[in-house]
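Below, subunit A partners subunit B and then partners subunit C, in two separate complexes.
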Partner chain A sequence: MTALHLSNRDDLRGYLLTGPGSADALSAAGLPLPQAQLSAAASAEALVARTGSDEYMAFIGAGAQQPAHEWCFPRADSVLALKGEGWIALMAQVCQYDFRRMQPGDWLMTSVAGVNCWLYHEINGALLIGFDSGYDHYMNELFHTLVNELGGHTLNEGDAR
Partner chain B sequence: MKYRLDPQPLEWIDRSESMSFDFEGQRFSGFKGDSLTSALLAGGQKLLGRSFKYHRPRSALSLANHDVNALFQSAEATNIRGDVTPVSEGLKLRACNVNGTLANDKDTYIGLLSRFLPVGFYYKAFHKPKKFFPFWERLIREKAGLGEISTQWSAIRQPKQYGFCDLLVIGAGASGMQAALTAADAGADVVLVDENPQIGGSLDYQLVNESDAASARRQLKQRIAEHPGIRVFTGHYACGWYTDHYVPLVGPEGIIKMRAGGVIMATGVMEQPAVFRNNDLPGVMLASGAQRLIARYAVKPGQRAVVLCGNDEGYRAALDMIEAGIEVAAVVDLEWLDKRGHWAEQVKAKGIPVLEQSAIYEAKGKDALKAVVVAPFDGRSCDSGQGKTIRCDLLLMSVGWAPAAQLLYQSGSKLGYDKKLQQILPRELSPGIHACGRLNGAFTLEQRLADGERAAKEAVAQLRGKTVETELTRFRDDRAHSHDWPIIGHPKGKNFVDYDEDLQLKDLINAAKEGFDNIELMKRFSTNGMGPSQGKHANMNGIRVLAEITRKTIDETGSTTARPMFHPVPVSALAGRRFRPERLTPMQAWHTANGAKMMEAGRWLRPEFYGAPAQREQAILQEVQAVRSGLGIIDVSTLGKIEVMGPDAGRLLDVVYTMKMSTIKQGMTRYALMVDDSGVIVDDGIVGRVTDDRFYVSATTSHADAAFRTLSLKIQELGLNVRLVNRTGSLAALNLAGPASRKLLSTLTDVDLSEESFPYLGMREGTLCGYPVRLIRVGFVGELGYEIHMPATAALEIWETLIKAGKPYGIRPFGVEAQRVLRLEKGHIIVGQDTDGLTNPFEANMAWAVPLKSKPWFTGKPSLALLQARCQRRLIGFRLPKGYNGELPKECHLIIENGEMAGRITSIAYSPALGRVIGLAMVDLPLAESASALEVRVDSGAMVTLEPCPTPFYDADGARQTADLTEVA
Partner chain C sequence: MKLLDCPVIGKRPISEFDYLGEVRVPPSQADELVWADYVFNRKGAPGVLRERWYHRPTGRWFVFDRDTLTDEIVAVVDAADVRYEEPRYEIPA
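Presenting the complex of A and B:
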C-alpha cells in the first residue's frame, strides 16, 4: 500500500497525427500502434492513443523518435501522474467515470473537474491525466489540494464491503 | 438526566462518553450518540420550540427527522433539527422562531388572534390602503420564517463524490436488509443506504422487545456486515430520484452522487398524527416517536401515558411503555378490540383499560399535556357529551401510516389507495424501480422479509436483462394498519393538520369552501405540506379532509407532487467543491509581473489593461495612443485556432461560413462570419489558405470550442473528407500593431514583409526568433499589424524578444480595453457585445458578408434570405459633441423615442483619435434610417442626445492598415 502521490510528467512531448498515413508514420518511428479506436498502446518511451479512424495522439519520452508526417502537430499538454492508495477516491471527487472499472492499459477521454482530459492507466499503476497546458495552474492547484486533503483517506464506500 | 432509563438492548448512546451543551442559557448533558432532543428530554426539558404562526409550545413528535417544531439555532447554523442532530461538546443553542426566550415568547399573543387570521388571510389583507402596505410588509417579514441566518457566516463547501453500484437499496429496515442480502448473494454489487446512524429500521425500535425478531435482526445485521457485495451507507438519505437511477445520497460529509443499475425502495412508512383539539401539546407524540426515544436513547417520554390506537402497532407501543416503566392509564381504540391481534391481548392481560370505539376529543394543558378527554367515536365524530377526562402527561398516537413514497413518485411509478390496508401503495413501478416492505404494504416481519427477497430477485433478474413479472401484492398484509378518518372536529379548533404551518382542520375546510377544492390548489392556498417537513405528517390527513369535503375517493382526490429534494439539503452540500477552470496563456506570468489587471474572458484570463487600477482610464488611453502612434503588442492567444485539412476542406468552410472560402488564394485570408441556422451571428474570425487542401481558421475567444464543434458536426452530417485539429491550446498568438510593426518585425523574421510580397490580409509561414510561426496581416485595430501565431512553448520568449526589440519604437503592451477602443474607432463589431442572441448580419450592417445571390448554399442562408426583407433594427454609429462633460451614457443604456424603447447602446468609449466619445447602438429601423438625433436615458434618468454618424469613425479608407505608415506619416 503506497501513499497517494502526484507528480508532473514534463518528460513527455505530445503530437497529434491525423489523416492517411498517420499509422505508418508511427510505425516508422518505432512507436506502438493501438488497434482499437479510443484505446492506447504503450512502450517504455512512448504512449500512443488512437483517437479516431486515422487520428492518433502520441506522447514520447526523450529516447523515442519523433513521428514525421504531413499532418503531425505538436501538442502542448500538461500531464499529471497520480499514484498510490486512494487515487480512485480522489478521482471520484472530480470525474463522473467509475474508475473502479478502469484497468491498467485503459485509455479514456472525459471531463475532469470541468476540463477536457485524456486519462491513461499505466501498467505500473499510475493514472496519467493529460490536459491543455493553459489549465496547468488550475489543475495542479486542485490536484495538490485534493492529494493533501485525501492523503491516507479512501473513498467513502460505506461501512462494509 | 432524570428521564434517562437503564440501558436498553439496542440503544445508540455510548454511556462512557458524556457531553455538555447549552440550550437557552441552561446547561444540559447527554451521551455520545444522543440527539439534541433526546438529551434535552432526558434532562427534563420538555418544551423544545414554538410553532411557526401562533408560537404555541411544541416538543418532540417523531424523532424521525421530521420534528420541525424542535428547530435550534447556533452561532453558525440555523434550523438545526434537534430530533436527529447529535449532541456535541460545548454547543450553544437556542430555539428558533421565538421572540424573547423559549419559555417567555412575546409572540404567544398571536395565538389569541388566530380567529382573525384565517386561512389565506395574507392573500386578502394588507392591500388597501396601499400606503400602509410597506408597514405590513415589514411586520410580516419580521414575523415570518424560522431560524435567523447569520450574515457573518463562514463559507462551508462539502466536496461531492460520484458513486456506482448495480443495485441501490434505500432503507435498511427488515425488508431493505433482506433485499440487499438476497441481491448481493446473487452477485450484485449492492449499496444499502439509510438515513439513520445504524441499520435496523423499525426492527430496532418497534420490535425491539419482540423475542421472535431478535434472531432475524442478529442474522441480517451480521450477514450484511460480513458480505463483500454490500456497501452500507448509514447517516445518508436519498434526497431525490433522477433519470437513469441517479440518486444523490446526502451524508454528514456531503453528497455522494450514486448511479445505480436499479433501485429497491424499502423506505418504509411515516407514522401519521391524529387530528384533535390541542394535538400539538408537548407530551402528545407519535407512538413510534416514543418507541424511538426509548429504544435508541433510553429516554422516558413521560410518566403516565394514554395510547390512541387505530391499529395493532399502538398496542405494541403500549407494551413498550410498560416495559420502560411508564404507567399506561388507558388504551383508546378507534375501533373494536376484537379487530386487534395478540399485542392487544397482551395489553388486556396486563389489566390496562381499553376504551373501544373511542377517540381523543381534546388534549388539555397549557404548556404541556396534563390530561385527555376521551369520548365515544362513531368512525367520523365524537360524542363530546360523554367525554371522560384521563390524567396523563404522555399521549401516544398510533392511528396509521403514510408511505415514504416520495422517491417512488419521482421515479414516475404509479401509486393508488388500497382500501383494505387504508394506505397508498405502489401499483405500477417504473423500469428498474422496485418496492418492498411496509412501503409496499408488507407489515409483519415475515411479510417484510419475504417481500424484500422478492423485490431483490426481481431486481437482479431485471439487471441481467430478464423479463420478470412483478409480484407487488404477493406478500402484502390483508389487514388495515391505518384508520381512514383519525380526525376529530372541535368547535374551538386548535386541531392541527399541519404542525409546520399551524394549519387547523377548519383552515382546510374553509379553503375548500372558498373554491380551492383541488389538492394542489388547497396546498398552495392553505400552505398545507409546504413547511420544512414537506407534508410528511400533513399530506395524508389533508387528502382525507379534502376527499371528505368533496365526497371523492382518495384516488380521485389525488396527492400533491413530490418533487426532489425529498428532504432539505444543506447549501454547503449542494455547493460542493468549487470547480472553476481558469485558463492561462503562456504569457500570463509576464502580464502579472508587468502590472496587468486581469479580466475573465470566458475561461481565459486576459490583461484588461496594464497599470494601477486607479489609473485605469489613463492607462487605456496611453495604450491606444501607443498603437496609433508607435507600436503596441497584445496577447491574443485566446483566439480559437483550427487547422482544416483534406480534399473537402474548402467545401466544409463554404458551408459553415457565409462567404465563399474555397476561392481564397493560397497565402491569403478572408473575413469569416458564422451564423446559425436561424441566421443569427454566432462567431467571426478569419480563414486563411495554407495549401490547396489546407486552411487555417481563427475563431473568437468565447466561441472557439463551439466553432470546432460546428465544423466537426458538418463533417459528419455531410460525410466530408476533412480532418480538423484544434490548436487553440498548443499555439499562442499575439498581435503586433502600429506604424512601426513592420520595421520591428523585419529584423527578427525570415519572412519577406514588403507590401508586394506580403499584402494586407496575407498569411505567411516562416520563422521568428528561430521558431516556426504563421504571420497574418490583419487590421482589427486599424493599424498596420501582424498577428503572429507560434508554438505555445515558444510564445513567452518571442513576446519578450519583441518587447525588448520594440523599445526604440515605444512599444507598449495593450489590453482588451484598449483593443475595444481601437476597433470601435474602426467601427468593427465584437460578436456578443454589439450583437445579441437575435442579431443577423443585416442588422449588424454586414450585408456585404452575406452573398445570397452568388453562393448556392451556406448555413443560415434560407433564414437570411427571409430576414433580408424583415430587418427591424440596425447597428449605427453615434458620437457626443466634442468637449462633452455631462453624464456619460453606458453600454446597454436605452435609446428612447417618444417615451418608448427604440434601441440600446452596444459599445461606447472615448476616442483619443477623434477627441470625443463615440459608440455603436442597435436602433429600431425607422429611427436608424431617419438620421435624427438619438436620445439615451442614462443612470440618473436624464436624457442625453447622441448624434448619429457614419462608421468607421477613424481612417475610413483603411490607409493606415494597408500602407507602410512610417513612410506616409
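Presenting the complex of A and C:
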C-alpha cells in the first residue's frame, strides 16, 4: 500500500446528459454505459454514472470523445483523487458513510464535510471526490490539511494513477 | 446522528434530507372551514404517514410511507401514485 496522497483531477471534463436519447449519445461516443441507476461504469478515459432513468453524468479525459446530444450540458465540477494507506480513516472524519464497504467500481452520492458530493472508487484504488467548483477552495483546504495531519502528501498537478 | 434507512439509497444521515411533510391533496371545492382545516391542521398521531422527502446529494425526491412511531420506512411510493389534478379555483367576486 502506498502512502496517502491527494491530487486534483483537472483533466476531467464533466457533462450532464438527460432526456430520451442520452444513452444512445453515450454509446455513439464510445463511452461506457452503466445499467443500474446510481451506479457507474468506467473506461480508461471516461467515467459515466447513471443518476436517473434517462440521466447520466459523464467525466471524460482528453482522449475520449465528447457526447453529442441536444440535452448535453457541461458541468463545473472539481474532482479530487485520494489514494493510499489511510484514506478510509480520512474519509471517516468528513463523512458518515462506512467506506470499508465501498468496493472498486462503486458509485456514491452523499454529503462530505457538508458539501453534496459524488464519489467513485476507481479500480486502481483511488477515490474520486467530485463537487461543485464553488466549494473548491474549502474542499482543497480541508483535504490538504487532513492529508498532512495523517502523514500523507499532496500534489497540485497530475492525477492519482 | 439520526439516520434515515432508505430502501433505495441505504442508510443516510437525516441531515442529507429535506422534509416536505405529509402528501396532501388540496380541496377543490370547499368552504372556509374545510380550507382552514387543510391549511392549519396536521396529523400528529403516531402511525404510518405518507410523506415527501428530498435527498440533496442525489437530487432525488422520494415519497415514503413512514411509521412515525418507529421511524421505519414501510414503503417507497411511486410519485405517479400521488399525482393529482391541480384544482381550478374561482376567485370570489
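Here, the second predicted complex is superposed on the first by the 151 of 161 C-alpha atoms of A that agree within 3 Å, B and C clash if a C-alpha of one lies under 4 Å from a C-alpha of the other, contacts with A are read in each partner's own complex, and residues count from 1 in each chain.
Keep this in mind: a residue touches a chain if its C-beta (ideal position, glycine included) is under 8 Å from a C-beta of that chain, and two chains touch if they have at least 3 such contacts.
What you see is a predicted model, and the numbers here were worked out from it, not measured in a lab.
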### Query
First (subunit B), second (subunit C), both or neither: which does A:T18 touch?
first
### Query
What is the contact status of A:I88 with respect to subunit B (first) and subunit C (second): first, second, both, or neither?
neither
### Task
Tell me which partner A:Q96 touches in the superposition: subunit B (first), subunit C (second), both or neither.
both
### Query
Touching A:L33 in the superposition: subunit B (first), subunit C (second), both, neither?
neither
### Task
Pick one for A:C117: touches subunit B only (first), subunit C only (second), both, or neither.
second
### Query
Should A:H137 be classified as contacting the first partner (subunit B), the second (subunit C), both, or neither?
first
### Query
Which of the two, subunit B or subunit C, is in touch with more residues of subunit A?
B
### Query
In the superposed arrangement, does A:M109 touch subunit B (first), subunit C (second), both or neither?
second
### Query
Where on subunit A do the contacts from subunit B and from subunit C line up?
96
### Touching residues (chain side subunit C, partner subunit A) in the complex
1, 3, 8-9, 12-13, 15-16, 56-59
### Message
Quick check: in the complex, which residue numbers of subunit A touch subunit B?
### Response
16, 18-19, 54-55, 71, 73-76, 89, 92-98, 100, 113-115, 132-138, 142, 149, 155-161
## Note on the structure
As the complex stands, subunit A meets subunit C at residues 38, 51, 96, 109-111, 116-118
## Note on the structure
Contacts from subunit B onto subunit A in the complex sit at residues 159-164, 191-192, 224-228, 230-234, 251, 253, 256-257, 259, 577, 579-586, 588, 604, 643, 645-646, 723, 725, 727-730, 791-793
